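Structure incoming, see below.
So that you can tell them apart, the chains are marked A, B, C and D in the order they are listed, and the count of residues begins at 1 in each.
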Amino acid sequence: MKKLQKTQLQPFFAALAANASLYLPVDNEVGKAEFKKWQDGVQMSTALNTLRSAKDFFFPQTENLMEFKMEGKRIDVIDTREECEDFVLFGVRACDAASFAILDRVYLVDPVDTYYKNRREHGTVVTLACGRPAETCFCGTFGIDATDPAGDVTAWELADGYALRANTEKGEALLASVAALLTDTDTAEVEAEQARVRAILARLPLSGLTTEGLGEGMTKEFFARPEWAALSEACLGCGTCTFVCPTCQCYDIRDFDTGHGIQRFRCWDSCMYSDFTKMAHGNPRTSQLERFRQRFMHKLVYFPDNNDGIFGCVGCGRCLARCPISMNIVKVMKALKKGGAEQ
Amino acid sequence: MQRIGVFVCHCGTNIAGTVDVVAVAKALGQEPGVVFSTEYQYMCSESGQQLMRAAIREHKLTGVVVCSCSPRMHEATFRKAAALEGVNPYMVEIANIREHVSWIHKDMAEATEKAVILGRAAIAKVHLNAPLQAGESPVTKRALVIGGGIAGIQTALDIAEAGFEVDIVEKSPTIGGKMAQLDKTFPTLDCAACILTPKMVDAAQNEKINIFAYSELESVKGYIGNFKAQIRRKARFVDETKCTGCGICTEKCPQKKVPNEFNMGLDNRRAIYIPFAQAVPKVATIDANYCTMMKTGKCGICSKVCGTGAIDYTQKDTVIEREYGAIVVATGFNPIDAKVYNEYGYMDSPDVVTSLELERLMNAAGPTNGTLLRPSDKTHPHTIVFVQCVGSRCDETDERGKPYCSKICCMYTAKHAMLIREKYPDTDVYVFYIDVRTPGKNFDEFYRRAVEQYGVHYIKGQVGKVVEQNGKLHVQASDLLANEQLHIDADLVVLATAIEPDKTARSLGTMLTASMDTNDFFTEAHPKLRPVESPTAGIFLSGVCQGPKDIPETVSQASACAAKVIGVLAKDKLTCNPCVAHSDELLCNGCSSCEKVCPYGAISYSDKEFRGPNRTTLIRRVASVNPAVCQGCGACTVACPSGAMDLKGFSNKQIMAEVDAICK
Amino acid sequence: MQAMMEKRAKELLADGTVNRVLGWSAGEFPYDITPAVFETAKELEDAFVYNDFCAANLSKYLVKESRKEGKILVFLKPCDTYSFNQLLAEHRILRENIYVIGVPCYGKADVEKLKAMGIEGITGIVMQNGTYTVETVYGDQTVKAADAMAERCLSCKSKKHVVYDELLGDEGEVDADCNRFDMVEKLEAMTPDERFAFWRGELSRCIRCNACRNVCPACTCEQCVFDNPNSGVSQKAAVTSFEENLFHIIRAFHVAGRCTDCGECSRVCPQHIPLHLLNRKFIKDINEFYGDYQAGADPEAKPPLGTYDKADREAGEGGRH
Amino acid sequence: MQVNEYKPKIVAFCCNWCSYAGADGAGSARLAYPAEVKIIRVPCSCRVNPMFILRAFQRGADGVIIAGCHPGDCHYTSGNYFTRRRMALLFSMLDYLGIERERTRVEWISAAEGAKFSKTMSEFAATVASLGENKRLEDLRCKQ
């Protein structure tokens, strides 16, 4: 385990940025944290988490897939893919780090999504253990330890500096590249910090929430539940929850006519949208109830069904904070459990 | 995918002189969907059209782009040619490379490039064109004429002559209008009544003509061929079917102090009255505002003297509904109220009169039985001053007046001056004018006679003030030609007041959605080429409601108007413009935004059942457009937030495709 | 107030006046309140809530709810009644199926403001006497309610209900001097470059989640042009700065003259874009160009874009706005 | 003469009854105006949706002008009055967003005013040229 003095933070960032683009949470014009490229003088945000998740770096909201160039009656197909440059993501929280593993299960299995893979290979993730979790946090529900996040390198904020631990070869290489700024340290300080935070986590309002009764094999049990009607009633059908979600992975592919050609791009889709998975024959989910149910069934049942029981939620709490009408996965989980208990 | 043919016209050298037509045809031939592209000397010529038709046949074209002169010139020509080969005429688009390119640009490279771009825009549009079918609507074979003056009478007679029914709605108790009040007419000096009253009688006796006098239009709905009008028949308190017009009631009525509007208030009539001897219909009317019986319940003399029992004090207004195929507006005019021009002393002295009042003072059936006497002391005036352009031709700063020339004043003043000099040679007559305007058949000769033979003093100049002094009217004026101030002590001053559209015109225009200008004259569909039609289909204009006119002009326009109406009524069905708005019910919110901006009332709403999710049904309010009423302006398409409302032939996508092609 | 509302709701359910109640339902935390339809007294007892965090404008739900079987009771705050009237004017809701109870509002709280004060880990909030005692996992904190009031409520245009069948509590007043255009004026006073920079900064954060549109009581289109592949402008993502501008300009234009300034768009924006400043610009312009107009104040009023005056100013004429 | 002289792209929406005819009139009288002005015929100025204007800017236009009948002369009675209100608000909004207001314009040009058409278009083209390329409402995807 290595240690970085707080006074060395900016030189540390500078050293990382010398080798690759460095992104870290920075407060924006309205005082909310978002990942931004580090430049000399940029200060890291002290916020618990970014408004948007870190998934954007591997699965951006929009990306061009290919182009068609048209001249008169001639059409050329152009491959627009470019090799991604190396980059470092600093300050990713445990929840978001866990989301990458979920996205990998979608995009790195056959057929591999080469656009995603390219970025995953070139990105190095430095996570930062949580020090001051919020009431909306419930990563523990999904077995995620906010005090010991995954990532290529794990960092803990201590009173006078940061403890750093490489978890992967990429992480080793990253720490090696800045070795001059680091000193060796033992795990005692980190363990003390973890104990402090774990005590707080245990007091969080959602700390008792478990996945018991949810997950694999529950499709028949949950699909026709009457609770969906009341739960989905207030849903506006906006995409906020999906767009701030670190694990939502659905996209739409569209063509944009530029006037001199076609750009084929993909962009995030939301199962809350009325045209979600609309096909030539029409739309398989015509009501908001069905679309709402799809979102939560996917995270709580279908994804675990197809992925060895792993849930499609990491408990980051963004949807809890952002939903315009405050409907969210926690309320859904509780309602389904309660309904199950009553049956 | 369309199969588009492009036809580039040289227009002799009009286009080819500046645009490289061969290059344009070649460039456009490369566009997606274009399967044939050529150029030709004169596309609009018979052989040009044959060339197009052959290409349509040979290449199985589904769309046509003609790069030529303005679509305002030959769009119809090329649409017809395409239609002859079975291509829907609305699959033809014109790229205007003459007026918009070759005629305004000198540089060939620049002009050619622009021509190609306009051609591309037309091609982009044709790709999205859809065949449009013009709808048909039936025609009610009856016309409504609003206003029973000479304009309305003439129009009605001509329409009836062609065998169609006509209703005349006249708000006063009799038809006849302003012409009935006139004495003589210029430039022939024949008596107005002698030429008008036979026409009034003709109208009354024509079995095709229904006269609804003392009636007002309440509402009009519908569209060309299919109007529904509600007409309020005001209570006369006299049964029209029983009254013989004998006039005994009007003689016996004790209420004698009612200002006589027919004589411009220069004398009085009774509370029950017939406006003038030749009134049509010749039926008495009780003026409820003055009738003692109506006001106090005591009197009833007319009822007692009426031999036919026609008097009915309990009569109520009735509203009848009639259907029409066409509507003629013939609402005429009024002189403006002279009291706003008090510098001329109109309110101070009874001897300052308007020209129309003078007509009555000179009329044998008028208050003085045709002897010209001053209203104040009933003496014969020896010096008379005419003031021209009172309220006409005013500049913007004069809020009391009108910006336009009232057109008839110069001539009737010459008439008045001449008649006075003829009858009373001892009278001095002065006319103060800005200009004397006499462009008409025998008009200038008439005016010159007034000056040369009758010795009327025409003075170019303005009257500044008229003040009553010792029984005389002291007129201060300037003589612009002599550049001197004049002071004339006159016995009578006559104001040639401007004429303005009848006050009812504005609300009528709104009711008919017929456009008007800022002076409340009805606007014609085209100032030169469609002068008797309103832009609103099925609404026609007759007489002064459209603009100042004298009698011969009014009568010619009235007949022209009748011809246009007959043109509509003679058809069994009307073809509609297919480029109309339509509402996609699946997208429509029923919010009424479109309805609020539709100038024609073409949009209506109904509750319809739709499929909801999962086999449910939903009832929603949705808009629909009556294609026979819609004129295709497109105001609704922008008011509609959901894009449910679109315009055929000029759809959102078509226009955006043109934008894209131009900006590319 | 909550008890009074619950009581009336139960009475109206019991006497059959209504068969459903549209109100607010308590959540996991003191502040995450969800609009909900209650059908029984028990449901009301279990979850019905009305407090300073009941921010959601319920009127838009009536587009669907008023078309269902039976009459529904809805609780409307003063500003929600304007939206209600506007929906009524546009025939989007069926008045005969709705029973409106006006409820007072003294300004709603914004939990983001509490969080911005560094208050985290909120487990409870005690609201009384104009203060909030916020219980958190990190200890209790007391703040003035006024300091936590939502931005939109600081410039509240009206505490008067413009429509109701029944009113609970005291009726408020229209506030003509609410200073709601202050920020618009500030922007107008900037140079075009500054304005451009300001809006680029704001709109570039847009993630096109459509929350602003979907919550907006004026945006009730059966299908939005931006969702309709046939409209020519449909788009799912804020791909370029142009798309961001297009979406927000057209959205503001489509609600121009119809927006009641309820402020829901800015409240729900996950990216904290002050979207209401676009709508307020149109409201301010309409007031200045065509005379004062408050959408929703009078359902019979002629909407400014559905009428005209011959003496209207020319487009682009006059001043810097 | 300068090589690659900047030529703005200008879209002119002209109502069929007045301004398009006015443009024809300009042509008949051989009254030149810059070739960068390209006309799209619409039935009435009130057919012009703000979306068309933004679309033009997106696709590379540097200026958009809407020309219709004079107020009071609308073929459809009231269309241009609605145009006037809509565009007054839209232009004000564009200005509020910091987008050059000079790039958009509404003009009333009658069928008889060929000279005015030519003069208006020349002036507008010059104004737009002086502003340079439209950057603030461009869409980079549409750049060649």
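Going forward, contacts are C-beta pairs under 8 Å (C-beta built on N, C-alpha and C of every residue); 3 or more make two chains touch, one makes a residue touch a chain.
Just so you know, these numbers come straight off a predicted model, no measurement behind them.
Chemist: For the pairs A-B and B-D, output the one whose chains share more C-beta pairs in contact.
Modeler: Between A-B and B-D, the larger count of C-beta pairs in contact belongs to B-D.
Chemist: How many angstrom between the C-alpha centroids of chain B and chain A?
Modeler: Once rounded, the distance between the two centres reads 70 Å.
Chemist: Using mean CA coordinates as chain centres, what's the chain A-chain C distance in Å?
Modeler: From the centre of chain A to the centre of chain C is 30 Å.
Chemist: Quick check: how many Å separate the C-alpha centres of chain B and chain C?
Modeler: 49
Chemist: Would you please write down the residue numbers of chain C that are in contact with two or more other chains?
Modeler: 223, 225, 232, 239, 305, 310
Chemist: So which stretches of chain D touch two or more other chains?
Modeler: 50-51, 55, 59-60, 72, 78, 82, 86, 141-142
Chemist: For chain A, write out the residues touching at least two other chains, lowest number first.
Modeler: Within chain A, residues 256, 259-260 contact more than one other chain.
Chemist: So what shape is it, when you link every pair of chains that touch: line, ring, star, complete or other?
Modeler: Graph shape here is complete: every pair of chains touches.
Chemist: Can you check the complex and tell me which residues of chain B touch chain C?
Modeler: 518, 586-593, 596-597, 605, 618-621, 639, 641-644, 652-653, 656
Chemist: Spell out the residues on chain A that touch chain C in their complex, using ranges where they run on.
Modeler: 28-32, 34, 48, 51-52, 61-62, 132-136, 200, 203-206, 230, 233-234, 236-240, 242-244, 252, 254, 256, 265, 267-270, 273-275, 320, 322, 324-328, 330-331, 334
Chemist: Mind pulling up the chain A residues that touch chain B in the complex?
Modeler: For this pair, the touching residues of chain A are 70, 72-73, 257, 259-260, 286-287, 290.
Chemist: What residues of chain D sit close enough to touch chain C in their complex?
Modeler: Within the complex, chain D contacts chain C at residues 50-51, 54-55, 57-58, 71-72, 78, 81-101, 104-106, 136-141.
Chemist: What residues of chain B sit close enough to touch chain D in their complex?
Modeler: Per the touch definition, chain B meets chain D at residues 70-72, 96, 98-101, 103-107, 110-111, 113-114, 117-118, 121, 513-515, 517-518, 523, 535-536, 579, 597, 599, 631-635, 637-639, 647, 650, 652, 655-656, 658-660, 662-664.
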